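These are the structures, in structure tokens.
What follows is subunit A paired twice: with subunit B in the first complex and subunit C in the second.
After this line comes the complex of A and B, so read on.
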């Protein structure tokens, strides 16, 4: 791994240099909401943010995406669409959101490769930005990760005062670093120490902790426990948690048509909706909100670890921040661990 | 990278009305427009395909024809929702999209030389038909063969012609039933699980495969256990609402397993040990 230094006053030059070789998505603030958007100039970028409202997974797994076009009816004409393959940088992605992509890779790679997600994923370089000021509901440290972890990014930038400490992790990262090598210089041992200090300080800010020890086995034992009904009582079924979750991957496929043109599109779906599992016969295997809330928790903390050996939560805190009835996944899972089986 | 979402075009070659009326069932014979794709579409009994009408949507169906019948695939469809209703309006020559084959299959190799008992109800016979025809076409490889099948009324029985042919054979025992008495019906009257007890197949060296409405499957399994079948001798094939068919869209899970990819065929032993809504 290369360890380099980017002086703070070179940041805007750095971003603009990358922009000559890649399309760049970066955090942009609009009316108090930060979202990852494609930028035309470094001046649009706001690096003073806690995290984006919508996770950057939306750049790779789009909320709405055309799978192919067709002529409606029974004559049978399909027009494939080009899957975007531009060289792309997600600039300023947080370590937790970067990890969510590693988690999503399992689903989109398994058995049948998903070309829409994977093509974009392969052509995307993740330039991460460490969290110096984790938010009140952040809990990435519950999963042995940290606010300054370079594990899942190609390059990690950490603000260590008057400069950024730059860790170049992967070949993709090295390639990108080449385009900006004039702005970078080798880091000193002292800089490395400073990064560790910043990392420790940030981790210490995180006070919330989710207890996940033995959670997979525990959930196996409490599937039929009334605990789930009590948790679900508060849920309105709005689905906000699923739309803002960086690891949720459920989707619907719909045909949209005009008289002469049609497209099969993929859209984000939510397991919080009763229609999600409703069968044509009228039968619904998950008919009550309890079934749906329980399934969501089990999907993240039982089914996913069973299938892919990783918990499908990164501790970003979005579902807690945005739940209209204050359902708190940290409490839910921690309390599930304490339920008498 | 292959695109698993993009279907291949297939022409509806033939449509047979199995059942009329409110619970109409039709069997569609589909031929891929590209002969090489047709030739390469290798599947085993129990596997499924996504069939789509462009502008209406896609549905996941068990392939109801046997792989021993080359040159086409068939799906049997009950008219129920948006896509199935539109399919019922189709005519021969119409073009649909097909992708697959998907899911696991019945263990037709592992079950060689075993006595086989098939217990189907209503539209649940569709996946069993693929398996039954496969076994009949490879008759010497398997032991005794019992086919138990029932529907609400004689009008609701699918594949009547094929059953008539099968009943003529000495090496297949067919046991048909209807739920309520009807003039002229000389065979068994009563529910499928009851007919199973009457037929009383021996569990010795046997495999039982059942598919039908959930309530039927429940009592068939109870009765099979009464007859001495163990949980690893009983198999079923399941259905769920599905969108992708390839284990990504999320909705067809029972616990950590996806019916589209890890199923649709499950042993009762497996099902008993998975926790999850079904």
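After this line comes the complex of A and C, so read on.
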């Protein structure tokens, strides 16, 4: 791993230099919410943010994606669409969101290879930005991750005062670093120490903790416990928690047509909706909000670890921040662990 | 300030009635300024109940969220009442639902709270960020008293109040079975300042404004699901045949969704602002509802959710209605 330094006053030059070789998505202030958007110039970037409202998964697994187009009718035909394969940089992705992509990879390349996600994923370089000011509901440290972890990014930038400490992790990262090598210089040991200090300080800000020890086994024992009814009783059944979750990945497929043309699209779906499991017969195996809330927890903390040996939660806190009725995944999972089976 | 003992006693009295299923109120949430809905099924549960200026949720949504599964053989429907803690605006939602025959008056037991305004979570979280421990907020005249990390802050109410509360004409429940404390007096008037300034903009400016807002929408439907008036068995947005609105998330479909949502609430929205509070993307949804509310007030001198005996606006006709809009 290369360890380098980027002076702060070179940041905009750095971003603009990357832009000559890659299309760059970065956190942008958008009428009250921070979102990852394609930028035309470094001046649009806002690095003073806790995290984006919508996770950057939306850039690779788009909310609406056209799978192919078609002409309906007896003379109908299918027109494939080009899957975007431009070289892309997601600039400023947080370590937790970068981890979420590692988690999503399991889904999109396991039983079937999903070309729509994978093509974009392969062509995307993750330039991470350490989280120096974790927000109130951040809990990445509950999963032995840290707000300045370079594990799931290609390059990690950490603000260490007057400069950024740059860790180049992967070949993709090295290639990108080449395009900006004039702006970077080797880091000293002292800089490395400073990064560790910053990392520790940030981790100390995180005080909320979710207990996940033995949760997979525990969940096996409490599926029918009244606990779930008590948790779900106040749920409104909106899809906010799932849409803003960086690891949720369910989708629906629809044909949208006019008289002369049509497209098969896929759109984000949410297991919080009754329609999600409604069968053609009219039977619904998850008829109540209790079934649906429970499923969301089990998917992340039971089924996923069983299938892929990793909990499908990164501790970003978005579902907690945005739930209109304060259903709090830290609280729910910690308390599930305490339920008498 | 609401006397919590009086509130809990009222909850206990209600929940111990044979004809009451449960009582919904508020308790402290899991962090900072969060307050969360709580369901009391037994006397012990009642001791968790609170009421503070942080109690924003409109609990009138819950009777409409009751899940009625098919009954098993020999099983009888549970028709017991639901107890609800209601502020002024929340009680108006109940009145409106009763007008529409969504609920019968005897389906609910209402514990009314004279409300002096609730705090906008966005404003208080911006002022006192990163509060992991539960923070107590009290009221002292025209100030909120907030104790954060050992320091007591006195903040003028106007700084933290929800915008809707600044012009609230109905702080007292318009309908209730038990009232906690005394009714409050108010001289507040809805002046529609926001709406008037938006009305003055040109068509292009208006479209630019809303375009930016609707582009942000992720169609999570939190606006619908938090709304006590959105209780259709099947929402038009979920219908597949015919599919009124496509599932594609783009400006065109998003706009269609928001306009249809606003129109379906015409003459029904009681202005609790839950749609906007629940919206994760900060879309100023109440502006749409307020515009329609203003038009209806001007044209028909009608305010929804005041009198349970009255007919809903769209179900009545008065010969002297102004008809200037008919060409």
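Points to keep in mind about this one:
Please note the rule applied: the second predicted complex is superposed on the first by the 337 of 341 C-alpha atoms of A that agree within 3 Å, B and C clash if a C-alpha of one lies under 4 Å from a C-alpha of the other, contacts with A are read in each partner's own complex, and residues count from 1 in each chain.
By definition in this document, a residue touches a chain if its C-beta (ideal position, glycine included) is under 8 Å from a C-beta of that chain, and two chains touch if they have at least 3 such contacts.
Keep in mind it's a predicted model, so treat the numbers as computed, not measured.
Subunit B and subunit C, once both complexes are superposed via subunit A, fit side by side.
Once chain A of one complex is fitted onto chain A of the other, the partner contacts of A:143 are absent, as it touches neither subunit B nor subunit C. In the superposition on chain A, contact of A:267 is made with subunit C only, not with subunit B. After superposing the two complexes on chain A, the angle subtended at the C-alpha centre of subunit A by the centres of subunit B and subunit C comes to 90 degrees, rounded to the nearest 10.
Shared-chain residue A:252: touches subunit B and subunit C both. Of the two partner chains placed by superposition, only subunit B is touched by A:276; subunit C is not. The gap separating subunit B from subunit C in the superposed three-chain model is 8 Å, by closest C-alpha atoms. In the superposition on chain A, the residues of subunit A contacting both subunit B and subunit C are 252, 254.
Those residues of subunit A that touch subunit C in the shared complex are 30-33, 35, 53-54, 63-64, 135-137, 205, 207-208, 230, 233-234, 236-240, 242-244, 252, 254, 256, 265, 267-268, 270, 273, 275, 287-289, 320, 322, 324-326, 328, 330-331.
Partner subunit B is touched in their complex by these residues of subunit A: 67-68, 70-78, 80, 107-108, 110-116, 118-119, 220, 223, 249-255, 257, 262, 264, 266, 269, 271, 276-281, 283, 285-286, 291, 295, 298-299, 302-304, 306-307. Remark: subunit B residues 1-7, 9, 11, 33, 52-58, 80-82, 84, 90, 94-97, 214, 239-241, 243-244, 246-251, 253-256, 261, 275-278 touch subunit A in the complex. Interface residues of subunit C, counted against subunit A in their complex, comprise 29-32, 34-39, 57, 61-62, 65, 67, 69, 125, 129-132, 212-213, 216, 218-222, 224-226, 238, 246-250, 274, 277-278, 280-282.
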